[in-house]
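Everything below concerns the one structure shown next.
By written order: A, B and C. Residues from 1 in each chain.
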Amino acid sequence: MDGGAVLEVNGIVKRFGSLEALGGVSLSLQSGDILGLIGPNGSGKTTLINVVSGLLYPDAGSLLLYGRRIDRLSPHRRSHLGVNRTFQIPHPFTGLTVRENIDISLLFGRLGNRADLDQRAEDILKLAGLSEFSEHKAGNLNTSQKKMLDLAKALATEPKVLLVDELAAGLNTSEAEAVARLLKEVRKSVDAMIVVEHVMNFIKRVTEDVVVLDAGKVIFSGKFIDAVKDSKVREVYLGKAGGT
Amino acid sequence: MNFRHFFLKDPKRMWPEASMLVAPLAVIFILGPDIYPNQSIFMELAVFIMLADALNIVYGYTGYLPFGFGVFFAVGAYGTAILISHASWQVAPAIIAGACLAALLSLLFTPLLRLSGAYFAISSLAAFEAFYLIFSNTQLTSLTGGPYGISFTQVYNANLDYTAAVVLAIASAIVVLVISKSTFGIALQAIREDRFAVELAGVSSLRYRTYAWLISSFISGIAGGLFGWYQGFFYPEAVFNLTEFSVLVIVFVLFGGKGTVFGPVVGTVILFLVYEILSLTFSNSLLIIFGLLLVVLVLFIPNGIEPLLRKAADLLLYPDGRD
Amino acid sequence: MSLFVDAFVTSILYAAFFSIAALGLNLVFGVMRIVNLAHGEFLVMGSYLAIALADSYGFNPVVSLAVVVPVFLAIGLLLYFPLVPRLQKSGDPEMSSFILFFGVSYAMEGLAVQLFGVSYQSLQYNLFKPIHVEILGYVMPTAWVVTAAVSVAALALVYFYLYRTGLGLQTRALMINRDEAMANGVNINAVSAIAFGFSIALAASAGVFSSFISYPTSPSIGDTFTLISFAIIIIGALGNPLATVVGAVVFAYAYGYTEIYAANWSSIVPFIILIAVILARPQGLLGRKAREF
């Protein structure tokens, strides 16, 4: 459909009072793409994810999913159409068990009322490495388990586009390794992904294609190795971060 | 919603909890009037249990607190009374129609379920005042009886009404139990915890909050109809009583434990008794005592006594620990 | 026709009074995201204090302000610390605050009944000499004009605090975005406590004049003031103190004219406007658009 773009972000503007968090951001995802979204703190990465997933409504611009406008739809409609995300700080339902967390996505998600509910739930829990915690309250998990649960909940809705917000943030090296492996697995089941990341080593492992945001504007779009050489990018981001 | 997956857990697992709800209530309502021969007190208790369960469904399970939710009780009472006195309806259909009227009124508020809770709480309070002023207005005396009250003694039948109220009070407790064990209830709980995350899971949080809200106002309306029927005649102040049919109910639910199955019922039974004793002995300082009780509840036991009771019961039943 | 014009002029005075009556409620909501359902009771208590000062010492209400403001500022600060920080830590402060402050209002109403009885009390118009003044050809009670003048002065003071002082800047930052403000070193407890104290003092100051211009004072009238204040701040914009003035003007005119043309229904007016505004434009007349799901 429409030349095959999975997700098109066209000139998205988002303001908070007098602050312009996003000043006309455009990007496009093709089938099979994994796009790394990088930039310094406050550059608008998470705001963009919030706009695409429906937490915030843009002040201007449009979002197209397989050519269909979604920027005015509520988050659950976008979830049904195949847009889902994870959070930098995970959002599990702490009062429910891990299994119940997954069940909600399976029952109310894109396909809903699955006949093979139990099987699907077990598969996802296994993929996320949470099988043994199935009956634990989600509030009792540690940070990395909560992050895995966040990802598992998103996967249970069988998304076509997955937005991953700083999955590695706050994790130690081996935990981040596990998350990166899981993302490779996830790549097979989704059509396209945006991965927001602050940790450069992590983004390198996941994708080569990056978009760099600064102060709500796209300042670079291309291959990661070129981004490192780009003078503007070095100035606003890598320079400050000490050349990581 | 597909009924095949309506229950996540085995429905048979509800039986123990259902019997733990029904048996004590049945004992109280059947033996109570013999021990303390004042049926109207037990009638009020039944009405309060219904209201507490109704409030629990919307406040406990969605987090939205309709502060003036007594308006649905009052509209149920008036709807029933008007249909019986003006249109000579039978009692049962009149009460159901009154409750439908209450639910219809609650539809007006559904757009507010997408806003922050303050709007919802305040506008229900405003609706309470507005409807009180409308129903008690002298210009509507021919329809509502205005400030002089409305009478429909032709159908008065205290014993039948008492039985109906008891059955429906127990039924409303069962409704809460069923909701808590259903996917609907789990979705509601998730909505209360994190509205955005639950949307991402594909749940239309607005739709499920609306369902909860409609069920809640319908039960309140039924309670109002039963209460009015038992009176046979009432003044507007008797049913538009913010202290009794809104605030007291909020206190009962909060004290028992909002968002739990047993909390509202236990809270109502205990505190209603306390309230009756207090109002007989300390009627002067009743407001002060209840006011301070509310402050203490919110600040020190916001989850009510249910979790404490549950812990105590676990210790008694499984002294060596569960699992 | 002259009735129409009269109502137009007196409604301006009403609007000034009700701005002050409601302002504190909005300040507290804006800064703390909590709802003080006992707001009207503080107003009533202020009124009782002014009546007592007039009865015992013959104080004119403007003089009484010198006592009422510091006393209620202190009461507000003293109540803030045991109640609000603890409330903020609870799961849902906004909803819990309704119940907490309803409890406070109950206790205060009960206290007022014990202390002052249930009968209606009012200040006498003759505390001001002359009793009537003529402005632009309209003869009005001096008390009304003074009420309006004091209200405008209080509004100017609040404006000065919010827009011309360092603490005011922090207060506004807190109203716009709590998390950002915290991250940027705003002293939440100090700013909130002061806002809470101001709010109580403003309510009590309005109470000093309330028996002249609105309702006679009684323990049970507090609820009415709370509800009217709510209507006003929602019509203006919840959480935006200065929008309160717009809400008060709308309320005062709607109330003033229904009182003339449909007196039977005038007391319903604030609630009808409130519900209508919430349904049609929940962000208030001046609020920014807020959409949730």
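Assume contacts are C-beta pairs under 8 Å (C-beta built on N, C-alpha and C of every residue); 3 or more make two chains touch, one makes a residue touch a chain.
Remember, predicted model here, so these are calculated numbers, not experimental data.
Located most centrally within the structure is B, per distance between chain CA means and the overall CA mean.
Ranked by number of C-beta pairs in contact, the top chain pair is B-C.
When every chain is reduced to the mean of its CA atoms, the largest separation from subunit C belongs to A. Work out the mean CA point of subunit A and of subunit B, and you get 42 Å between them. Centre-to-centre, using mean CA coordinates, subunit A is 46 Å away from subunit C.
Distance from the subunit B centre to the subunit C centre is 32 Å, each centre being the mean of its Cα atoms. Multi-chain contact residues of subunit A, defined as those touching 2 or more other chains: 54, 74-76. Touching of two or more other chains is recorded for residues 196, 199, 205-206 of subunit B. Shared contact sites, meaning residues of subunit C that touch two or more other chains, fall at 291, 293. By the touch criterion given at the top, residues 53-55, 74-76, 79-80, 84-85, 87, 91-96, 100, 103-105, 107-110, 112-113, 117, 153-154, 156-157 of subunit A touch subunit B in their complex. Note for the complex: subunit B touches subunit C at residues 59, 63-65, 67, 108, 111-112, 114-119, 121-123, 125-127, 129-130, 133-134, 137-139, 195-196, 199, 205-206, 247, 250, 254, 284-295, 297-299, 302. Of all residues in subunit C, those touching subunit B in their complex are 29, 35, 83, 86-87, 90-92, 94-96, 98-100, 102-111, 113-114, 227, 230-231, 234, 238, 264-265, 267-268, 270-272, 274-275, 278-279, 282, 290-293.
Contacts from subunit B toward subunit A in the complex involve residues 2, 4-5, 8, 183, 186-187, 189-190, 193-194, 196-206.
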